[in-house]
Every structure is written in structure tokens, then in C-alpha cells.
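Heads up: the structure comes next, in C-alpha cells.
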Amino acid sequence: MKWERKDILGIRELSPDEINFILDTADSFVEISTRDIKKVPTLRGKTIINFFIEASTRTRTSFEIAGKRLSADTINITASSSSLVKGETLIDTARNLEAMNPDIVVIRHSAAGAPHMIAKLIRQSIINAGDGAHEHPTQALLDMMTIRLRKGSFAGLKIAIVGDIAHSRVARSNIFGMTKMGADVHVAGPATMLPPFLNRFGVTVHTDMGEAIRDADVVMMLRIQMERESLNIFPSLREYSTYYCLNQDRIGLAKPDVLVMHPGPLNRGVEIAPDVADGVNSVILQQVTYGVALRMALLYLLTGGTL
Amino acid sequence: MKWERKDILGIRELSPDEINFILDTADSFVEISTRDIKKVPTLRGKTIINFFIEASTRTRTSFEIAGKRLSADTINITASSSSLVKGETLIDTARNLEAMNPDIVVIRHSAAGAPHMIAKLIRQSIINAGDGAHEHPTQALLDMMTIRLRKGSFAGLKIAIVGDIAHSRVARSNIFGMTKMGADVHVAGPATMLPPFLNRFGVTVHTDMGEAIRDADVVMMLRIQMERESLNIFPSLREYSTYYCLNQDRIGLAKPDVLVMHPGPLNRGVEIAPDVADGVNSVILQQVTYGVALRMALLYLLTGGTL
Amino acid sequence: MKWERKDILGIRELSPDEINFILDTADSFVEISTRDIKKVPTLRGKTIINFFIEASTRTRTSFEIAGKRLSADTINITASSSSLVKGETLIDTARNLEAMNPDIVVIRHSAAGAPHMIAKLIRQSIINAGDGAHEHPTQALLDMMTIRLRKGSFAGLKIAIVGDIAHSRVARSNIFGMTKMGADVHVAGPATMLPPFLNRFGVTVHTDMGEAIRDADVVMMLRIQMERESLNIFPSLREYSTYYCLNQDRIGLAKPDVLVMHPGPLNRGVEIAPDVADGVNSVILQQVTYGVALRMALLYLLTGGTL
């Protein structure tokens, strides 16, 4: 199989075969980061621009390490949109980047759809590293990679996603991906954090966290945006935590070999109890490790690599 | 010919032969950025410090890509002068950089003359990436490269530069360069944006934009610094735009094959109409592409390269 | 001899043999930065993360140049702790970095002990690039390297350290190191800047700067944190300077071949007179040059290098 798409913009448009092809490729890149010399010449002479208009340390670092381990030249542009471009339109900024002949532009932007707009305008490959509350495809792919490596496949898995479903690009991308791959996806959160018509996406919706995680094979906790406390989405962190924190009591409802996942950064004691985050079921740090391999795979496939 | 100068500080001191030598070298570097493997080992083991005391994304990115495509090690130092050095003098900062044995230091500074002062004090090559309202030689060189590639030579060309001539380092460097190369340079702007004694520099001065661009071979529009609106240099953006925006009507005054240029970032609808910026005469994005090649050429020549 | 420690956290725990081994290794790296091609393939395929939670330009730049001249991949993470991690604990941030499989994490943090805590938790090598007012081991090692290269050994040397001893991690690390290496260390400063029980560390304490520097072989001036003027540690910069500035008169008290040192950045006219900073006895810029070699040596030893 050869990768055909120019860009990685979202999980919504990917087929199960495409997802499996990405994950197969990513699996083969895990080993490079464990070598004594963690570097292959695959992308020598390629230029990758990490264009992060919305602040991000972990995703940018993961992409930068992925690029460097493939011997690509990596350029970071990190700034608030205002200071970056002195009133320049996003389209003009993108066309300027295009004119410098990069091979791939990785974009994070606070506006949903920004990477898609740029992808239509410029000839280089775009990777969406998170756009507003829309999609975060590389996070969902590394999540699916982690699950597939531990569980073998998605068929028959009960996966629970808990938290602020309505405002989470991680949740959206994972719902698209996991339902597509055949998992039985359940979501839970307070009613204010559940978007309407969610059942149309093929997921089962709960306000009772216990129902969502009962007998689950995977529980993915979402980060609470604590700065939203004042927006009346939830009354208080304490009340949220009372009903939706993954603690030892609740984890007992899931299967004994349940995978505990979280995209990070953790709010310990809010959406996840410390002993659960650090417990035997947690694969939170493996997600980070696989994230580097997954991003290496995408950079490789988009520059013409084949498995 | 071999390059003799230690530094690139301004266009004012360069001879036409030197400018042509730089442009010839830059022409030969254009092709590298179009290769599948966009990298040559020319500057392996050289250290280039991009020392940007005044914010700049596009120029810094252009230099960083240029350095990496030549296999140099590039180090970015980007900060406001206050936070950077905790009260250290610019001279001490420069001597500290010198002591780390870089090969080239690229400097942007809000104070006119800062790169010149540093160049006298330290033994490494300095490239001025813009100093106050004084000079921006690499921008002017890439502008001249673009014109020469399209028009063959400067002899007999009518070139119009329109905007805030008084406060523009891009205008200054281009006026020095283009008059030196034999072009017939006209400038236009409101009287508040025209410095006194400008005719001494060998240019023809207009307040009527139409006269400047009539039968022009090249029209270079300058960016309006919109944050200066309150400084009483111009009454309003709308009034400025009425008299000095390059729109379709005005472009009709120039020659049919006129080159439309702009150093970026664009204020669409202020100094340039969108359909002109994106029109068939526009070479704005080619300027960006040639900018990388031009900077590769300078890095190459200053480290002892020969054509 | 082979390097045995996983981390470089402080000078306090190093033996004289270890210090000499580091300095011997560093001496051998000085020459690389003077070559035409300033790069060796020693650390190819190694990943070094410069994790600077407290702002620093010179130390970060020195580490980045050191890493690149050894062909390592270097990743910079520079941010205030608040914006960096959105409420994530330092431990979780460190574990996330660990999961990306770097080889060395260089950490600067405003909290004393932060690098030590991280070093216990993650398997990679940690280098302390300054933690609060605690230790700054790489600065002390480059200081000792400078002295040893000029004076041959520490035996019998009178070394004076002058300034805000109580709040200086540079002073602490140097006191640990220099007393250990057999020097006769004197410190001087106003009583408000002298910590209690300092004599237990084997140094002689003075409030009279003249006594400290009389017949000294080395005088190390500390930077005054001018922003602390309001904290009532000293009455005014002018008064401080009257009593504790190293000027030409005072330098006459020391030996004729005294080395004048300063970790930078300089407050010219406050703790050091300009003509002394730039005088024949000053080795301030050599400290910077040796700093790159010293950091190359540490990166080399921590990744398994042998002399």
C-alpha cells in the first residue's frame, strides 16, 4: 500500500484501511527511539515547519523529536497570531511559508478549520496538530496505536471517554476513529459538556460515569480546562471531581485489564486520582512514547515513504 | 572573484560589482531548494547565530532555512533586549557571542547602527537583518535579485517605491542599491512620509503616486505601519488608501509587464488591493523564495565560498 | 577512568578526582571550537533537551552550541512554568520528557532541588543548569577550568569571591569546588549578603573587600541582582559600588597576575569597573569560551564517553 493523501487534517475522512496503514507504519518506528543511535537518514534534506499559533509544548516537542530522528531539518514558529504576523492574513502567512519550499507544515491553530483552509491553498503537506475544538488527529492516532498494541484490535472493545466531550478535539477525533475501527464507544460527562445529537456519531451517551466505564476495556479521561470554571459549564472543580474523577473505586467497575488513558497534561485529583494515573492499568506515558513513533510515521508517509 | 568584506551591513557601501557578484551567487542557489533533497554539505560544522532583538518571524525563518539547507548549525536568540540580557550592554552581549566561536552572527535590532557597532568589535562576520529605520540589506538584495531575474538588468528601468519612505529601511536600502545599479528610481508618498533632501540620493520625488508609477517597470509598495496611525504621520488608513493604494486602476498606469513587489507582510486593502497582490504582475511570493537563496549565498560567501 | 554518575546535579557531591577528570576532558574539547569545521560526530543520534523553566540566554546558548558541535539533536523548551504545562506538576512534565526517550535533559529551574527531584524519577541523565539559589555546577566547573588552565593547579591559590554570597548559586558551587580542590577561599560582601555559618564551609569571611582580595590569585566578582535593590539587602547601588566594586585601585591589592572573573552578565560600574572588566587581568570572555568546551565534555561523559 502507498499513502495517497497530501495532508493529515482529521480522522473523520480516513478509512479504516488508512488508519491501520498508519498504525502499522508507526509500529515499525517505535524501535528507532530505543536505539543507542536514535536516528535514521530517511528525511535528510526535507524541511518541516512546526507552525504553532496556539501554545503547545508537548505536541511541538514530539513533532520536533520525530523530525530530527528522521534527519529532517525542523523549523519552529511559535507565536500568538497577533504578534507573529503584524496583521497579515493567515492565508498570506501560509503562502509565505509555501514560498520557502518546506516539505511539510505542521499546524496548530485556535481556529477550527484553519489547517484545512491552508491545505487547500498550498502545495505542501499539512498536518493538523490541533485546530480549535475540532480535531486533533495525531493524538487520536497515537491513542489508537496504544490501544491496538495492547489489545490487538478494536473489535468488541468497550471504550469509555469521560469529560468535557463538547469542547474536546481529542474526544472528537477519537470518536471518529474508534467507531470506524469497530469499537463500542461510550461517552460520559455532565449534561453541559455533552454536545447535542452525539448519538448520531454512533456512540452511547451517559451522564453517569459508572455506566460508561462498567466493563470497559479502555477508559480515556479528558483534561478539564480549569480556566473554564467561570464559564458556568460546571459548578466547581470539587463537584466535577466528585462525579467524574477516575479513582480507585470507579476503576473497579471496569475490566481488570482496563487501559487507563489521558492525553495530558494531567490535573491530578480533578479528573484522575494520582494512584490511578500511576497505577498498573495506566498507559499514559506509553501514549507519549508512541506519539513520537506515530509522528515519525506520518512525516515518513507524507514525504513518499512506503511500508 | 572572491568576496572580500567581513560583513554585510548595508547596501550603501557595496559596489555594483559586489552586488552583481552576490546576485550571481544567489541565482546559483535557487535550484537547491527545488530538489528532492534540499541540502548541501557546504557549511557543515559552521555555527550561525540568529540574534533577533526585534521580533521577526519571516526574516528569521528565511535565515534559519538558508543555514540548515547549507548544513550549518543554527542557533536562534530571539528576545526583547530588556529580558534578554538583564541590563548587559549590547557590546558585552556581542562579545559573549563572539567567545562561543560562531562563524556568522545575523542581527536584527531596533537601533540603527547596532550591527555596525558590533561588527567593529567582534571578529566574526555580521549580517544586518534590519537595524531601525536604517538599512535592511538582505531584503534589498533579494528585491534586486527578483528584478534582475525578471528584467535581465537595471539599465533603463523605471522603478517606483511608494509609501512611508522616511521610516522604511527597505526603501533606504533599495534606493541605495537600485540607483547604484543604474535604475531610474522614483518615490512617492504623502509629504509627511518623505524625508528632506531625498533628491540628493538620485531619486525623483513625488507626492502624486500616479506620476511615480506611470510607465514604471517595477512598482514596490511599502508596508504601512498601522500602529503609527496615532502619530499624525497620516490622517487615517482610509485617506492613505485613497491616495496611495496600488489598485487595478492605478496599475494600469504602469507598463503592462510591470513587476508588483512588496516586502511583506501585506496590509491587503491598505497599501495594496487584494487583486493586485494576487494578480499576474505580482512577484511578491517569488521574492520570498529568492530570499532563501539570497541568504544562502551570503552565508556561503562570508564563510569563504567562491562562485 | 570512566565516568560513573548518571547526573551532574551539584559540585557538593563531586570528588576532586571527578572534578579533575571533567576538567581534563573539557580541556581536550577546547580545540574543536577553533577548527574550520567545528563539529565531531560523537553524539550523533543522541537527543538533548534543554528544559529552561527560568529564563536564560547565555547558558542555554552555550549548551545548545555544545550539543550541536557534538552532532547531537538539541530540543529547546523555554517557558515560564505556568504557561508551559497548564497546571501539570513538574514530575509529570519530567516523566513526559522521559517518555520521549531523550539521552540528557538539561534543566534550569527557579526552585532549588528541582533537578535533583527529577533525576531520581527519570532514567535519563540530568544536568543542573542552575536551580534557585542552590547550585550552578556547570558554571563552577567552567570557572575552575579557567583557573586551572591559567594557574596549573589550585594548591596554595588565594581565591576571593565578592558580592551577594547568600543568594548566589554560582558562589555556592564555587565554594564547594574550590575548597575541595585545595584553594584558600575568601568571601566578601555586606553583612546582609553573607549567610550565617559560612565558615563551616571552609572559607574565610570578610565584610571588608580589601582584606579578601589582598594578594589574591583570583578575584571572582558576582553579579548584583539590581532588581533586589528594593528588598533592603543593600541601601543603594551607589553605596554598594563604593564598597564592593572591583576598580583599578582595589585590583592593585591583589597579585599582579591576578585573574579577574565574573559569571556574567556584567553590571559595568556596579560590581566591576569597565577598565577592570576589559583589562589585562580579565579572563571573563575566556570563561565563556571554556564554558562551551566544559559543557561538551559533560554531554560526552554522560553518554558514555571516555577520555
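All chains are identified by letter, namely A, B and C, in their written order; residue positions are counted from 1 within each chain.
The rule we apply is simple: a residue touches a chain if its C-beta (ideal position, glycine included) is under 8 Å from a C-beta of that chain, and two chains touch if they have at least 3 such contacts.
Values in this document were obtained by computation on a predicted structure and should not be read as measured data.
Enquirer: Could you tell me which shape the graph of touching chains takes: line, ring, star, complete or other?
Expert: Topology of touching chains reads as complete, every chain touching all others.
Enquirer: For the two copies chain B and chain A, is the contact made of the same residues on each side, with over half of the numbers shared, or of different residues?
Expert: different
Enquirer: Averaging only over C-alpha atoms, locate the centres of chain A and chain B and give their separation in whole Å.
Expert: Here the centre of chain B sits 40 Å away from the centre of chain A.
Enquirer: Could you pull out the residues of chain C that touch at least 2 other chains?
Expert: none
Enquirer: How about chain B: which of its residues touch chain A in the complex?
Expert: On the chain B side, the touching residues are 33-39, 55, 57-58, 61-62, 64-65, 68-69, 226, 264-268, 285-286, 288-289, 291-292.
Enquirer: In the complex formed with chain A, which residues of chain C make contact?
Expert: For chain C paired with chain A, touching residues are 44-47, 49, 73, 75, 77, 79, 83-89, 92-93, 95-103.
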